Amino acid sequence: MTSVQRLWRRSREYLSLKAFRCRRCGEVIYPPKRACPYCGSRDLVEITLPRKGRIITYTVINVPIEGFSKPTIIAVAELGGAKVMAQVVEGAEHLVEDAEVEVVLGKVGRTVEGLEYYMPAFRVVSGKDLKEGDTD
Amino acid sequence: MRVAVVGVGMTRVGRLVGKSIRDLAAEAGLKAVEEVGWEPPEAIVVGNMLSSLSEQENLGALLADYLGYRGVPAFKVEAACGSGGAAIAVGYSLVRAGLRRVLVIGVEKLTEAPTPVTTRRLAWASDADYELVHGPSFAGLNALLMRHYMSKYGVSREEMGSWAVLMHENGYRNPYAHIRKRVDLQTVINSPVIADPIRLFDACPISDGAAAVYLAAEGEARRLSDTPVWVEAVANATDAVDILSRKYLDRLEAAIRSAREAYKLAGIKPKDVDVAEVHDAYSITGVLGVEAMGFAEIGRAAKLVHEGRFAPGDKPTINPSGGLKSRGHPVGATGVYQVAEVVMQLRGDFPGVRVDAEVGAAQNVGGVGSNVTTTILRR
Amino acid sequence: MRVAVVGVGMTRVGRLVGKSIRDLAAEAGLKAVEEVGWEPPEAIVVGNMLSSLSEQENLGALLADYLGYRGVPAFKVEAACGSGGAAIAVGYSLVRAGLRRVLVIGVEKLTEAPTPVTTRRLAWASDADYELVHGPSFAGLNALLMRHYMSKYGVSREEMGSWAVLMHENGYRNPYAHIRKRVDLQTVINSPVIADPIRLFDACPISDGAAAVYLAAEGEARRLSDTPVWVEAVANATDAVDILSRKYLDRLEAAIRSAREAYKLAGIKPKDVDVAEVHDAYSITGVLGVEAMGFAEIGRAAKLVHEGRFAPGDKPTINPSGGLKSRGHPVGATGVYQVAEVVMQLRGDFPGVRVDAEVGAAQNVGGVGSNVTTTILRR
Amino acid sequence: MTSVQRLWRRSREYLSLKAFRCRRCGEVIYPPKRACPYCGSRDLVEITLPRKGRIITYTVINVPIEGFSKPTIIAVAELGGAKVMAQVVEGAEHLVEDAEVEVVLGKVGRTVEGLEYYMPAFRVVSGKDLKEGDTD
C-alpha cells in the first residue's frame, strides 16, 4: 500500500504538477525522467503543467484494487502537452472522450496506515450533456 | 553458437489450491529434465513476478535444491508479466556465453491471497509513483488503451469480442488450459464490466502454473534430443513503464521493437511465421500484440479476427493454446508456457489444437507493454 | 572474450528518506555512465530483492526509461541478499554472449516500511514453509549458526567482536558508508542483544542505497576507459535455502564452491588476492565468508581478526569499505557496491582506506549462504 | 504474512513431521525435497521423524518479525537424523545446547488474517538445571 513517506516525498511535485521540458527537442516530459525519452538530451528545464485540459481516455473500474473503492474512475488527460493520469472525482456523469477537465484536490485512496489521502484529481467541466461554463 | 530447446514441461494452469510455488515449479521443471533423460542442468533461471505472495524470494536457490540440483548457479529474473520471456532471454545468453545446459522455469502462484491483494500486486507492474498512487488496476490501465484504440480505429464491441471467442475455441482443446469452455460472442460482449470497456471475457483469469524449457548448446542438443527445436532469436525490448510518456496509446512500441529485432536476428519476415503465441492478457493486448508482430496493420487486428483470420488452418495460426484468455496467465510463467507450446507445435506433440509448422514465434509482454520478449523457433 | 569494468557509481548508503528507489538507481547508474563519457548501454540488469516495499516491480523497464535509455533490454535479477552479485553474473554473461556494453545497477530501498515489516520481508530469503512459518528473523537464522560456530571452535565473544571493530575502523574513512563511527570492543560486546548471541554491533544496519558497474567487452573497454579493470571470473553457486538440510552449520558450502570456481577460472589462489570485500551481514557471516574464500581455516577467522589480521596493510586487506557492518547493506545493491569498491581499489581512486592492489575479490552472499557470487578482478 | 491456505496445504506433513529417507545412500532428508541432496537419487521413501531429540543450536530473538512476539525463541534440534526448526514454547529457561526436547503443539504466530496458529514446537525436557525425568 502507498506509504505516507512516499506521498510526502513527492508531495510538492504532485501538487504543482511538475514536469520537464526538453531544451533540445522542446517536448514536454511527464512523468519526470532524468533524460528526454524522445531525443536523449539531459538538458531539461522544470515546468508546471496547466490545470486545465482534455480527456484522452478513461475507465470506470468496478473491481478496485486494495486501498481504493468501487467504482474507481481513472482518466488520462492532456494538460499542456503532457498526458496526466488522475482519478475523476467530480462530474463523472459528464465524462466522455475530449471532455474538458480541471485539476482539483481529491480524496483518492488509503495508505498502508489506513489514512485517506489526497491527490490531484479531475473535475469534468465540459463534456457529455454539459456545455462549457455550465458549472460554477 | 546455436541453441536449442531439448525439453519442455508444464503444469495444468488454474486455481491450484493444493500446490505451493515449489510444487508447481518442480512438476514443470522435472518434466523438462525427464525429457532429456535426467541430464542435470548446469544452471537454473527462474522467471517469476510475485513470489512475494508466497513470502518466498530466493527462488533460484530454493528450486535448484528442491529439484535435486543443489549447488548449481540459479537466480530469479523479473520483468513483471514478461518475467518468463526475460528468463528465457537470460537462459539463452547463458548458453551463448558458454554453458551447455540451462533449465528455465517460469512459475507463479497468484491465488495465495484474496483478489484485491493480488490485483494490487499485479499493479506493481505499473508506475507506483505516477500511476498506482491514483488507483488503477492493471485491467484499468489496459482499459485506457482499449477505449482509445476502439475510438481511434472505429473498432466495434463485436470485433473486439471475437478475440475471446477464438481463444476459447482453441483453449477448449488444450488439456493444460485454465478455462476450457467455448463461449459465443453474445456471452463475451454481455459479460460483466470489470474496467470499462474491459469486460470479464476480455480479461485473462488469475492463474497458478509453471512451465519449463530446457536449453542446450548445439552439440549437447543433438546428444540429448532427437527433436531439438532451434532458438533462432530471442529479443527483449522495453518501453516506459508508465503509459503517459509514450507517444502513442494505440500501439506497444516495445513489442514492435522486440519483434523487429527478433525477425532480423532470425532472418525472417512476419509472413514466414506458421504459428505464434501472443500475449493477450486482455483482448486489447492480444490485438496490439498481433499488430506488433506484423500480422496485421495497426487498427486492423480485431477486424481480421472477427473476419475469421488467425484461426487453426490460417497462417499464422495464433494462440492454438487458447492464449492467456483461455490457457490462463500465471504471470511469470506465461512467457515460458508460450515457448514450450510453440516447441510442442514444432515437434508435433502439442496435445490440443495442432498446427503443421516449421517456424514459430512467442511474444511475452510485461506491464502494459513495457517489457517484451519475442522468441523465434524453428523445427 | 575478456570483460572489463569501465565505470562505477554509487550513492551514499543510509536511511535516505528523501530518495525513492528510482532516484537512488539513477544517481548510481548515471554516475557509471558518466565515467564512460555518456556512452549508452546496450542492456541494463538490475539487482534488487525487495522493491516490493516500494510497490514497484518491473524495475528493469522503469530504470531503463527513467535514466534515459528507453527501449534497451532490461530486467531485474533477484537472489535475496545476493541479488547484486547475481546481476553482475548475468551482466557478465550478456557481454560474453555478444553484447558490448551492459550497465548493472544494484538498488534497494529498505526504509520505506516500519522495521518489523522490513525484517519479515528480509526473512523471505529463508524457507517460507519450513523456517519462516516458525518466526525466525534473518538475524535469528544467523544467530543459530553463530552459536554453533562459537561453541564448536571455542571462539570467544571478544574474538567475534573484533570483526565489528575492524569494520568500523575501515568504514569510518569511507564517505559512502552508512555508519561512520569507530567503536571499541567493549561497545560491541556490550551492545543490546538482537537475536542471542547476535548483538546490535554484530549486525549490519537496514540501509538504502544503489551502486552501478558498467561492463564492456574488451575492444570497447579500451575505447571507453584508460583504466579498465578486468573481470577475471564471476562464479555463482547455490545451497539449500533452508539451513536444516545442510551437512554442516559451521560453514557456507555455496561460498566455498563459488570461491573455488572463481579461483579456478581466474587461475589464481587465495594468497594472490590483495584486497577482498566479503559479505558480513553479521559478524558470523563475515567470519564464515573469510574462511570460504580460503583466507583462514574453518574455525580460525575470528581469532585471526582478533590477532590483527586482514587490516589495512595486511594481505589480503578485507573490507576496506567497512563491509556490510559499517558501509551498510542495501540488500540487492550490496554485491554491486562490493565490485565497484574493489574496482576503485584497483584503479587507485577509492576515497576511503586505500589498498595497493593488483588482484581483488568480491563475495556477495544471499540468504544464509544459499546464493553466493564471487567475482575476481585484476588491474 | 503466513496465509491459512499455506498452513492448511502443509498441515498433514507439519503435524506428522514428514521427511524422506534416501533408498540409495540412506540419508534422512528434511525438509522434504524431490531428490536426495546428498547423492542425487530420486528414490525416496516417506518417513515420520521421532518426536524426541536434542538441541543443536538456538536463539532468543528480541526484535521479532511481523506476526510474532518478543521474545521469539527458535531452536534447531536433531530428531532421528534430521535437523528440525521450531519454536521453544515450554521449558525455555532450561534451554542449552544438547538439551533434550520433545515436540508438542504450540501457538507460534499470527496469520495474515490475524488468526493465531499452531505448529509443532519444542518443549525442553532435559537441560540446564534439569535432569532427565525432572518434568512430568
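A, B, C and D are the chain letters, set down in written order, and residue numbers restart from 1 in every chain.
Everything below uses one rule, namely that a residue touches a chain if its C-beta (ideal position, glycine included) is under 8 Å from a C-beta of that chain, and two chains touch if they have at least 3 such contacts.
On a predicted model such as this, the values are computed, not experimentally measured, just so you know.
**Student:** Considering only mean CA positions as chain centres, point out the chain farthest from subunit B.
**Tutor:** It is D.
**Student:** Which chain pair has the highest count of C-beta pairs that touch?
**Tutor:** B-C
**Student:** Using Cα averages as centroids, what's the distance between subunit A and subunit B in whole Å?
**Tutor:** Taking the average C-alpha coordinate of subunit A and of subunit B, the gap between them is 31 Å.
**Student:** Can you give the whole-Å distance between the Cα centres of subunit A and subunit C?
**Tutor:** Going by mean C-alpha positions, subunit A sits 40 Å from subunit C.
**Student:** Residues of subunit C that contact two or more other chains, please.
**Tutor:** 20, 54-55, 65, 70, 120, 127-129, 132, 240, 245
**Student:** Quick check on subunit A: which residues sit in contact with 2+ other chains?
**Tutor:** 1-2, 6, 10, 33, 37
**Student:** Run through the chains and report each pair that touches.
**Tutor:** Listed in label order, the chain pairs in contact are A-B, A-C, B-C, B-D, C-D.
**Student:** Can you name the residues of subunit C that touch subunit D in the complex?
**Tutor:** Going through subunit C, the ones touching subunit D are 115-117, 119-120, 123, 127-137, 139-140, 143-145, 147-148, 151, 192-198, 240, 242-245, 247, 249.
**Student:** Contact residues on subunit A for subunit B in the complex?
**Tutor:** My answer: residues 1-2, 6-7, 10, 29-31, 33, 37-38, 56-68, 72, 74, 76, 82-87, 97, 108-109, 119, 121.
**Student:** Which stretch or stretches of subunit D touch subunit B in the complex?
**Tutor:** 1-3, 5-6, 9-10, 33-37, 40, 42, 112
**Student:** Which of the residues in subunit C come into contact with subunit B in the complex?
**Tutor:** 20, 22, 43, 49-50, 52, 54-62, 64-65, 70-80, 82-83, 86, 89-90, 92-94, 96-98, 120, 124-129, 132, 235-241, 245, 253-254, 257, 366-367, 370-371
**Student:** Which positions of subunit C touch subunit A when the two form their complex?
**Tutor:** 17-20, 26, 30, 40, 54-55, 65-68, 70, 112-113
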